[in-house]
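Quick heads-up: structures coming right below.
Both complexes below contain subunit A, partnered by subunit B and then by subunit C.
Right after this comes the complex of A and B.
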């Protein structure tokens, strides 16, 4: 049970921080609405639903990147990594707590982004919503691990997109095509891998 | 001992590459459909497979590093991935040339392997960005190792994704019924593949020896000052 309570405590800490400081989520929301507006003008008139849907995925991936870049900034700037590593908890709990917090941010951003997309372009069907939800899990798991890697580097804001975007290509393919089983497979594989690998990423920081 | 092994490897590599070139240009039958340009197959496919071998080897060494914390394994993993990126770039290049010769375009999004190599190329180029932006030490070695392991998992996942996303016009040579080649074609292909694998082994050992010498010299210099 301690593992679960560690994870909830860590996730709760991130959500509380966000609730009080309001640093990440408002910028993600503004970004995704601005991106959808730009896409409206970038697309020619009478564009098909298929093309607009592709751009929705691009907007979601870049919005997620914005949130992921911020994910470990507090830990790094306040030197909290040392404290977390010293804490008597399983290190993968740190990853899971952060992943849950990131997931909450992503879902919150999409609760706004999907209706906005439906209003600006064409409607969103259930399959797309399910695909977005599954993609969020994959983005949060891989993104949290790579986010922890990127903050250790010198060019952290620059590094994360480079590390993360190639990993996001299969998510976009699965999402645009609506291959839900593929997204489930992706989530399962990379969740296990990230969960197992996180310990090594922060052990020596 | 290292010198002898390296020289033997280099000699074997020169011989095999020479033999492979001779076989490709003089022995392999000319393709009835694509003509002379089909001979690039004997470069393109073995280079691509060698590149996979490099990434696999790099990931294996990364796993070894995470288990044993042996610094040599970290360096070996890095060098293997470095070679893999070079072979990967060559795969993109030869694939592009072949695509131009046989389909008339430099790039085709419907060619699975080419797109997969583009994804892998982007992924492994970021490996260098990661490595060069983190201070040398155990933290960097750990992160590089984890990233290298993600890479080998990404290969089949991306392959599946790309296959899902498009129609299939890439010639499929290796099917579940064995290779779809004549005997002499298959022989030339095997020699070419062996030549490129030896080339990888030689380059890998040369780069490794250079890197080790570099580290040794740096240590000596630090002792002197």
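Right after this comes the complex of A and C.
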């Protein structure tokens, strides 16, 4: 129960920080709508649904990347990793709390992005919505881990895309193809790996 | 409380300190002095368990018994003092959290501004809140890096009074790095001067 309580307290803190600062979510919303608008005008008429779907996934991945670059800003700028690491909670709780907050931002961005995509292109089916929901879990788990790694590095703005984008390729393949089982497998494997690895990532941030 | 033998810390080719032996008994007070960049902060981070030593043996108490104040007050600026301390009170599983938080905020003169965002505070008020966070879980080992930073006269005197508190059941052990050694000199049981 204490683990759940720690995770809840940490996730609540991140949501509260965003509620106050209003930096991450508005940027993500603006970006994804702008990207879909550009794609709408860039694609020729009569483009296949599959091509449009590919662009939706590209927009979602880069929107997620935008959110992930902001995920650890408070911890980095205010040295909060030191205070969190000294607390007696399990260090993986820090990762899980942050992952849940990132997940919430992704879902909020997609609540706007998917209807916008449906309006601009050829609609969204249930399979795509399910694939996006599953992809969010993978993006949040892997992205949060890499976000923490990037915080420790010097070229952090470069490091996160370099780490995250290759790992997002399977998500795009699974998403565009609608391979839900593949996304479930990806989520399960990388959630466990990220959960276990986080302690070592922040060992000396 | 703390025991170190041949402690060393390097960042790449840069040697911060080497061959450091240290013994600090419960209730002891180690005063660390030295110019900027001499290794005071690094030593405190090593003693807090936030940085691994490059060589040597080090025995430290469990991390939840450590209170650490760095150059930053280590509080979330977009949260209020109450929200910051409640978060850390939960993470430290304090049983009577509200009472303890209320007492500390009152003592450090932050009760009236407990619902205001930390980002609106002066640096001195943030430092006071940082001290509240450090003392919140009643740590037995306190590591304070330049604790007088930005504190006004009243705040500095408050900190002095905390140094003077004695609890025979739970003696506090202090490691204080400062550029104002005259303030804590008389309390020091051990001294370490970096060149």
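Assorted remarks:
In the analysis below, the second predicted complex is superposed on the first by the 205 of 205 C-alpha atoms of A that agree within 3 Å, B and C clash if a C-alpha of one lies under 4 Å from a C-alpha of the other, contacts with A are read in each partner's own complex, and residues count from 1 in each chain.
The rule is short, and it goes like this: contacts are C-beta pairs under 8 Å (C-beta built on N, C-alpha and C of every residue); 3 or more make two chains touch, one makes a residue touch a chain.
What you see is a predicted model; the values in this text were computed from it and never measured.
Applying the stated contact rule after C-alpha superposition, one finds that A:16 touches subunit C and leaves subunit B untouched. Using the contact criterion defined above for the overlaid structures, shared-chain residue A:100 touches neither subunit B nor subunit C, since it reaches no partner.
Of the two partner chains, neither subunit B nor subunit C is touched by A:191. When the two structures are aligned on the shared chain, A:80 is found in touch with subunit C, with no touch to subunit B.
Put subunit B and subunit C next to each other and count what each touches on subunit A; the higher total goes to B.
In the superposition on chain A, A:200 makes contact with subunit B only, not with subunit C.
On subunit A, the surface touched by subunit B in one complex and the surface touched by subunit C in the other have residues 203-204 in common. If you check the complex, the residues on subunit A that touch subunit C are 2, 5-6, 9-10, 13, 16-17, 20-21, 74, 78-80, 82-89, 203-204. Residues 66, 119-120, 122-123, 125-126, 129-130, 133-134, 137-139, 142-143, 145-147, 149-150, 153-154, 157-158, 160-162, 164-165 of subunit B are the ones touching subunit A in the complex. For subunit A in complex with subunit B, the touching residues are 142, 145, 149-150, 152-155, 158-159, 162-163, 165-167, 169-170, 173-174, 176-177, 179, 182, 185-186, 189-190, 193, 197, 200-201, 203-205.
On subunit C, the positions that touch subunit A within their shared complex are 45, 48-52, 63-64, 66, 68, 70-72, 74-79, 83, 87-88, 90-93, 117, 133.
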